[in-house]
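Below, each structure is written out as C-alpha cells.
Shared between the two complexes below is subunit A, which pairs with subunit B and subunit C, respectively.
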Partner chain A sequence: MLAFIVRRVIAAFGILLAGTFIAYVLVALSGDPLAQLRQSNEPGIEDRIANMTERLDLDTPVPLRYLKWLGGAAQCVVPFVGTCDLGQSVRGQDVSALLADAMVATLQLITVATVTAVIIGVLVGIVTALRQYTRLDYSATFASFVFVSLPIFWFAVLLKQYIAIDLNDWLADPTVSLPAAAIVGVISGLIWGSIVGGDRRRVLTSFAVAFVATGGALLLLSASGWFRSPGLGPVVVGVVGVAAAVGLTAVVAGFRYRNVLYAALATAGAGIVANLAFDPLLTDPTWGTLFLLLLLAVAVAVGIGYAIGGLQRRQAISTSVWVAVIMAFTITADRMLTAWDNYYEFVGGRVVATFGARTPNYDGGTWGNLLDTVTHLALPTLALMLVSLATYSRYTRASMLEVMNQDYVRTARSKGLTDRTVIVRHALRNGLIPVTTLVAFDLAGLIGGAVITETVFGWQGMGFMFVEALRNTDPNPAMAFFLVTGIVAVLFNMLADIAYAYLDPRIRLG
Partner chain B sequence: MSTPDQQRPGAGDEDQGIAVVARTQGQLVRRRFFRHRLAMISLVVFVAILVLSFSSTGIGPIPGWWKHDYTTIGTVVDGGRPTLSVVPGFLGGDGIHLGEHPFGQDNKGIDYFALTMRGTQISLMIAFIVGGLGSFIGVLIGAAAGFFRGWTETILMRFTDVIIIMPLLAIVAVIANQAGNAGPFWLAVVIALFTWTGLARIVRGEFLSLREKEFVEAARAAGTPAWRIIRKHILPNTLGVILVSATLSLAGAVILETALSFLGFGVKPPDTSLGRLVSVYQGAFVTRPWLFIWPGVFIVAIALTVNFIGDGLRDAFDPRQNKVRS
Partner chain C sequence: MTSKRKGATLFAVLTAGALALTACGGDDGGGSEEPGANRTEEPTEEEGTQSGTITVAVDSEYTAYNDLTAEGNGTWNTYVHNGAKLNFWSYGADGSIVREEEFGTYEKTSDDPLTVEYTYSDKAVWSDGEPIDCDDFLLEWAAMSGKMVDGSGEDIFDQSSTNGYELVQKPECQPGDKTITVVYEQPYIDWELIFQGGAIPAHIAAEQGGLTSEELITAIAEDDIAALKPVAKFWNTGWQFNPGELPPPEMIPSSGPYLIDSWDAGQSLTLKANPNFYGTPPKTETIVLRLLDPAQQVAALQNGEVDIINPGNPTPDVAAQLEQLAQQGQITTESGESLTWSHIDMQQGKGDVFEPLEIRQAFAKCIPRQLIVDNLVKPANPEAIVLDMREFFPVDPMYDQAREQAFPADMYGEQDLDGARQLIQQSGVQTPIDVRLMHADDPVRNQLSALVKSECDKVGFNIKDFTPPDWGARLTGQPGSYDATMFAWAGSGVLAAGESLYVSDGAQNPYGYANQEVDKLWDQIVTSTDREAAKQLIAEMEGLLWEDVFNIPLYVNANINAFASDLEGVKVNATQTGVTFNMDEWSRSS
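On to the complex of A and B.
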C-alpha cells in the first residue's frame, strides 16, 4: 500500500508539473498584457510600459519565466514557510492575496453544492433503483437527462428571474391560496405514492396522507402568517428530533430489537434538553462555540449509543450520531430564522439575493450573517448542483442495480434476511463504493463549472477571478487558477484511487 | 397460424415466432435502436432541427428558403414581439400561423428566427467537428496505447493525465480567446484538441482486453501487420463504445461551445452562435424575454435529443440486452 501511494504521489507530481507548464505557456501566448498601453499616446507611457514589463517579467523568455514562477509557487505548497509568491496582477496586486480570498468564496460554494448534490443524488439514485421501471424511475431519469442538457448560464439567468424575483414578490405578501395548496399537495402525494410503492391500496393511502399533510400544512402556515415571519421553535425542533430518531431506526436497524430505538430517542431527548439548557449560549455564539457544541453533541450521542446499545451497539451508535447531527442542524436553522425579521427589514423584503456573497453593510450577528450567506448561496448552489445531482443519481442507480443482481445479494435474500437488511447492509455498502470515487473525480470538474456560475451570480471566487484575468490579459491570476484546479484534480484523483483500493478489498495494489 | 403441420416437432416454434433467425451484429443493434422509442423520437427531432437550421438560412453561398436574412436591419414591428402562434382559433388563440417574424425581432429589427437559425447552424457545425475530430484523436491515442503497450502507453497515458487535470472550459477559453477570432472552424478544432481524453482512456481499456483474445493471436500468428490487426480485428469490436462516446461528446460540445461563447471567449462577431445570442440578449430579458428564451430552448433541445440518442445507442450496443426475439 505504501509503495503504491509513494509511486502515485511521484506520478501526480510529474503530471502537475507538466500540466502547469502547458497552462503557463498557453496563458503567456494568449495575449499581450501591454497591448492596451501600447495603443495609448499619453505622456509618460513608456515609463508605464517599462514598469509593467519589469513587474510581469515580460522580457524573460517564457520557459525561464515559468521556472521563476514555479520557484515562487513552490513556496505556497511547502507548509510552514508562509511566503507565497504567485506574481502580481497587471494592476500590481499580489496574486496570492487575491487567490486566498477567491478560494474561500469558491470553497464555500463548492462545498455546499457538493454536499447537497451528493445527499439528494444518492437518495434519488437508491430510490429509483429500488423502484426500477416505475413512473418515478422514468420521471427521475428524464429529469436527470434534462439537467445534464441544461446550459448552466441560461438556467442561472432563468433562476434569477423566475425564482429570485418572483419569490421575493411573493414574500412581500406571502399567502398560499387554496388551489395552490391543492396543486402542491397533489405533487407531493404523487411523489410519496410512488416512493412508498407496494400494492394499489398502499399507494393510494400514502398519496392521501401526503396530499392532506402537505396541503394542510401549507394552508395552516399561510393562515398563521408563518411565511411572513418563519421560525421553528423548540417544539418543532423536538418533533424533528423524535421523527429523525424513529425514521433512522426504521431504516438502519428496524424495530425488532428495541435498543437502537431507545438510544436514538434518548439522543433526541438529550438534544431537546440541550437546546433549552444552552439557550443563553446559543443567542449569539461564535463559530468556535458552535463547533464545540457539535462535537459535544456527537460525543454524547456516541456515549448514549454505547451505553444503551447492548448487542446492537454499532447500529445504536451510528443511529444516535446521525440523530444528533440532524438535531444540531435543525437547531441551527431554528436559531438562524430568529434573525429573519431583522434581515427582512434590512433588505427591504428582497430576501433571495441574486448577486454577490453578502449584503453590504449588514451585520446581524452570527445568525443574521448566516442567514445572509444562506440567501446569497441559495441560487448559485442550485444552479451548480443540478448537473452533479443528475450524474450522481444516475450513477448510484446503475451501481445499485448492478449490486442488487449479484449472487451474494440473492444469497442474503434466500437465507431470509429482511429487505431492509439486504439493502442497507449488503447492497448499499458495496453499491456506494464507485460513487465515492466519482464524487472525488467530479470535485475538480465542479471548480471548472463554477466559472460560469460565479460569473452569472457575481460570486467573487476563483472562476470570477479567472474570467476577469482572461478578459484583461492578466497572466498571473489566470495561472493561479490553473495551479489550484490542477492541485485539486491531481490530489482528488489520487485520493479516489486510494479510497477505492481501501473500500474494495477485491482490488489489490501491487 | 394453424396448419396441419403444427404437429411436427420444430415447425411449431417457427409458427409461434420464437424460432431463432440468424442476424448479424449490425442488424441486432439496428433493431434494438429502432425499437428504443425515446431515442427514435429524439433522432427525428434532432434531424428536424438540423434540416431546419441549414435549409432556412442557407449554407455559405447557397441561399435558404426563409424570407429574411440574419444580417438585414429592418424596422421593429410591435416592439419586436414574436408573431408565432400555435394555439388554434377554436381554443381562443390566434390560430396556427408563423407570421412575419415567428421568433420576433431584436432591437435593431433583425429577424430573430433567421438569427437563431444561423446560431444553431454554427453551434451544430462546431459540435460535429468537435465530436468527429475529438473522437478521432481519442481513438488514435487510445488504440496506440492499448495495442503497443510499453513506453508508448506510458507516454500517451501520462500525456492524457496531463490534459485531463486542466479544467476543460478554462483551458479552452485561454486558447479560444485568440482562436475565436479566426472563425468558428478553428474554435472547433481547439475544443476538439482537449475533449478526446475520456474516449482515449475507454478505447485503451477495450484494446487492453481485446489484444489478448484468441482471434488477435491467430491474426498475429498469420503474420498480419499491426495496423491491420488494429483496423480489421480490434477496432470493429470497439465500435459501439466509440459511437456512443462520440454521440455523447456531441452534446457536451454544444454545451461547452455555448458556455464559451456566453463568457465571450468563443464565437466572435460577425459570426454568431446560440451561446453568443444568449450572452448578447441576457440584458434584454426583462423587456424582451423571447430574445433570451429561443436560443436557450434550441441549446436544450439539441443537447437533450443527442443525449437520448446516445443513451439509445448504448442500450442497443449492450450485449446483455437480449430482449429482442426473432
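On to the complex of A and C.
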C-alpha cells in the first residue's frame, strides 16, 4: 500500500507539472491583462500600463514566467513552510488570500449538497432497484433523467423565480386557497399512488389518502397561521424521533428480536426528554455547546444500545446513534425556526435569498444566523443536489441490480435468510463499491467549483474566482484555480483507488 | 419489457421537448409570472428601523483605501469612495466638473504662470476630528508628482500616474494652513482635475511612517527622502487590502458623508453616515454595497435583496426584462448614456488600404450607423442617437452646437451606398478592397462587424473579421496586422485626454494620421487655461477630423439604472464613477 501511494504521489507530481505548464501557457496566451487599460485614453495611462506590466511580469517570456510562478507556488505545496506565493491579481491582491476565501466558500456550498445528494440518491437507487419495473421505478427513472438533462443555469433561473421570488411574495400573505390545496393534493396523490403501487384499488386508495392528507394539512396549517410563523415544537420532534427509531430498526435489524427496537425507542425517549430539559441551554447556544451536546447525545445513545442491546448489541448501538443524530438535527431545525419572526422582519419578508451567503449586517444569534445561512444556501444546494442526486440514484440502481442477480445473493436467499439481511448485509455492501468511486470523482469536480452554480447564485467560491479571472484576463487567480483543481483531481483519484481496495478485498494495491 | 422501455423513452423525449419549449418561452414567461400584486404594500427592507438602509449591487469588490496607487486606482474602489471621500471637485452625472464648496474652494489667480489657490473649508475635518489641511495637500503632491526620488533615481511612491502633478512646483504651506497656492511650470488645460484634496489622510500616513504631521511637512519641504521612505512604503501598500480585511476604523478615516463601517469578503461592504461630517448630512444612515454579477442583478432587485442596480450597458434581454418589471410597477428604471464610445479606426498611412481619402469617405458612407444604433443600443436606451462627434458626448450641453459646427451632415448624416460606390470609383482603387477589421471576440462586436460587412461589401469592400485575443496589444503593438479596428474608448471629463489620439505620432495614434493643423490646435488646447475656450478649439479640431475622416464614431453605450420604486434621488451617471456617485442623496419615500 505504501509503495503504491509513493508511486502515485511521484506520478502525480509529474502530471501536475505538465498540467500547470500547459495551463499556464494557455492562460498567458488567452488574452491581454492590459486590454482594459489600453481602452482608456486618460492622460497618464502609459504609466499605469507600464506599472502593471512590471507587476505581472508581462515582459518576461511565458516559459520563464512559468518557472518564476512555479517557484512561488511550490512553496504552497511543501507543508509547514508557510510562505505561499501564488502571485498577485491584476488588482494587486495576494492570490493565496483570495484562494483561501474561495475554498472556504466552495466547501461550505458543496458539503450539504453532496451529503444530501449521496444519501437521498443511494436510497432512491436502492428502492428503485428493489422495485424494478414498477410505477415507482419508472417515475424515479423519469425524474432523474429530467434532472440530469436540466441545464443548471436555466434550472437556477426557475428556482430563483419560483422558490425565491414567488415564494417570498406568497409569504407576505401566506394563505392556501381551497383550489390551491386541491391541486397540491392531486400532485401528492399521484406521487404516492405511484410510490405505493399495487393493483388499481390500492393505487386509488393511496391516491385518496394522500390527497386528503396533503390538502387537509395545507388548509389546516394555513388556517392556524403556521406559514406566517413556522415551527416544529416538541411534539413534532418526538414524533420524528419515534418514527426514526421504528424505521431504522426495520432496516438495520428487523423486528424479530425486540432489543434493537427497545434501544432505539429508548434513545428517542431520551431525546424528547433532553429537548425539554436543555431548553435554557438551547435558547442561544454557541456552536461549541451544540457540538458538545451532539457528542453527549451520541454517547448516551451508545450507552443505551450497549445496555439494552443484549445479543444484538452492535446493531442496537448503531441504530441508537443514528436515531440520536436524526433527533439532534430535528431539534436544531426546530430551534432554528424560533428565529423566523426576527429574521422575517429584518429581511422585509424576503426570506429566501437569490444570491450571496449572508444578509449584510444581520446578527440573529446562533439560530438566526443559521436560518440566514440556510435561506441563502437553499437555492444553490437544491440546484447542485438535484443534479448529482440523479446520477447517484442511477448508478446505485444499476449496481444493486447487478449484485442482486449474482449467485451469492441467490445462495443467501436459498439459505433462508430474510430479505432484509440479504439486501442490507450482503447485497448493499458490494453494490455501493462503484458508487464510492463516483462520490470521490464528484467531490473532486465540485471542489474545483461548481462554476455555473456559483456564478448564478453569486457564491464567491473557486468556480466564481476562475470565471472572474478569465473575465479580467487575470492570470494568477486562474492558475491558482488550476493548481487546486489539479491537486484535488489527482488526490481524489488516488483516494478512490485506495477506498476501492479497502472495500473490495479482491483488489490488492502494490 | 421492450415495449415498456420504448414507452419510457418516448415519455422522456416528450418531456425533454416540453422542457425545451418552456425554456424558449422562459424569457417572456419568467418575468411576467404574476409578480404578486401585493408587493408594493408589503414592507420593504428595514422600513421599520429608524436608521434606513439602501442596498446597491456592485460588480466588483473593494480592494484599496488608497486609490491613488497603480493598484488601487479603479472603479471598484471609487464606488465606495464616492461616499467616504470628498474632494475639491467631483464629476457630475454628465462628466462636467462639480465644485464641492462644502469641502473647499479653488480659484485660478493667474494665467501666466498658471496659479491656483486652494482653500479648504474651515469646517473640513477627517472623521477622526483631524482638520483637513496643509499636510494632506502636500502629501498628495509629494506622492503624485514623481519628484520624490531616492539615490538610485527610483520614485519612492508608487502612484498610478504623475500626469499633471509633475508640472506643479512644490507647494509651500505651514502646518494647519487651510490655503495652499500651487504654481504650474506650464499652462495645463485640465488643472481643475489634478488636485483632489481629500483623498488621503496625511496624519495617518505620517504616523504609520513614524512621523508627526509637522515632521512630514518638513520632510517634504526639505526633500528628506530617508524620512519619507517609511511613509511612502505605507502609502504604497498599507492601504491595499486582502478581501474583507478592513483595518481598524482609525486607519481609514473619511473625508466624506459616509464611513467605511464593515466589509464581509465576497459579500458586502457597509457604509454608515459619518457623525463628524461637516457638510450636508446624507439622507440615509446606511448604504450597503453588495457584490453581484451583473447578469444576476435583476432577480436580486425583484426579490428585494438589493434596491439599486446599474447593469451598465445591458443586453437587449435584460433591458426588456427591466422594462417589463417597470411596467408592472415593481421597479423604476431610468436610462441614459455613458461616456464609453465605440468607433472604427482606419490605418491611413503610406501604402495602407485607407490611405486614399475617398476610400475613408466611402467607408464612412457605407457603415449603417443608424441601423447599428437601432439594433444594439436602442433596446436599452430608447433615446439613443448616432454619435457624430468624438470629444463631445450627447450628454454634454455643448454637443449640439459642436456637432452643428463640425459634422458634415450632408456627407455622413445618412448611410449612402451610391455615394460610397462613386467615391471608390473616383479613387481608382481596384475592388473588392480587402479590409481586415480587428475587434474583440464578443457578441456585440461580432454583430456589429456582421452589419458592417453586409452593407459595405455591397459597395466594393470585402470585410474580413479579425478577432485575435491580443487585439488590445496589437492596436499599437502591431499596427500592420489590421486595416481597421473597432473598439470603445472610455471617455472622461479630462480634455487633454484626446491629444494622444489625434496628434501626429501620438501614443494612441498608430494609424499614421498626421494633420499639422490638428497638431497646432492641440498645442493650443492643452496649454490653454480656459475650459470653455478650449472646448471651442476642440470643436474646430473635430471639423478637421471629419474632413480627413480620421475615424468613424458609432455610438455611446447605454447606461441603465433600475431601483425599487420607493427610492428617490437615484440618478444615471454617465461617467465611470458609478451609480453610487450621489449616494448621500438617496432616500426612501414612505
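What we mean here is this: the second predicted complex is superposed on the first by the 464 of 510 C-alpha atoms of A that agree within 3 Å, B and C clash if a C-alpha of one lies under 4 Å from a C-alpha of the other, contacts with A are read in each partner's own complex, and residues count from 1 in each chain.
Operating definition for what follows: contacts are C-beta pairs under 8 Å (C-beta built on N, C-alpha and C of every residue); 3 or more make two chains touch, one makes a residue touch a chain.
Since the structure is predicted, the reported quantities are computational estimates derived from the model, not experimental observations.
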Touched partner set for A:447, first subunit B, second subunit C, both or neither: first
Query: Of subunit B and subunit C, which one contacts the greater number of residues in subunit A?
result: C
- prompt: Should A:358 be classified as contacting the first partner (subunit B), the second (subunit C), both, or neither?
  reply: second
Query: In the superposed arrangement, which partner chain does A:51 touch: subunit B (first), subunit C (second), both, or neither?
result: second
Task: Name the contact category of A:157: first (subunit B only), second (subunit C only), both, or neither.
output: both
Message: Per the contact definition in the header, classify A:195: touching subunit B only (first), subunit C only (second), both, or neither.
response: neither
Query: First (subunit B), second (subunit C), both or neither: which does A:455 touch?
result: both
Message: Looking at A:482, would you say it contacts subunit B, subunit C, both, or neither? Reply first, second, both or neither.
response: first
- request: Based on the superposed arrangement, let me know which partner A:26 touches: subunit B (first), subunit C (second), both, or neither?
  value: first
First, second, both or neither for A:38, with subunit B first and subunit C second: second
Those residues of subunit A which subunit B touches in one complex and subunit C touches in the other: 29-31, 145-146, 149-151, 154, 157-158, 161, 455
- line: subunit A residues touching subunit B in their complex are 11, 14-16, 18-19, 22-23, 26-27, 29-31, 145-146, 148-154, 157-158, 161, 444-445, 447-449, 451-452, 455, 466-467, 470-471, 478, 481-482, 485-486, 489-490, 493
Query: For subunit A, which residues are in contact with subunit C within the complex?
result: 29-32, 34-35, 38-48, 51-52, 55, 91-94, 97-98, 101, 105, 133, 138, 141-142, 145-146, 149-151, 154, 157-158, 160-162, 164-166, 168-170, 172-173, 345-350, 352-358, 360-361, 455-458, 460
- request: Would you mind writing out the residues of subunit B in touch with subunit A in their complex?
  value: 158, 161-171, 173-175, 177-178, 251, 255, 258-259, 262-265, 275, 278-279, 282, 285-286, 292, 295-296, 299-300, 303-304, 307-308, 311
- prompt: Can you name the residues of subunit C that touch subunit A in the complex?
  reply: 1, 4, 8, 11-12, 15-16, 19, 23, 26, 30, 33, 35-36, 38-39, 42-48, 53, 55, 63-64, 69-74, 76, 158-164, 190, 240-245, 262, 264-268, 270, 286, 288, 290-293, 295-296, 299-300, 302-305, 440, 469-473, 475-476, 487-492, 494, 496-501, 507-508
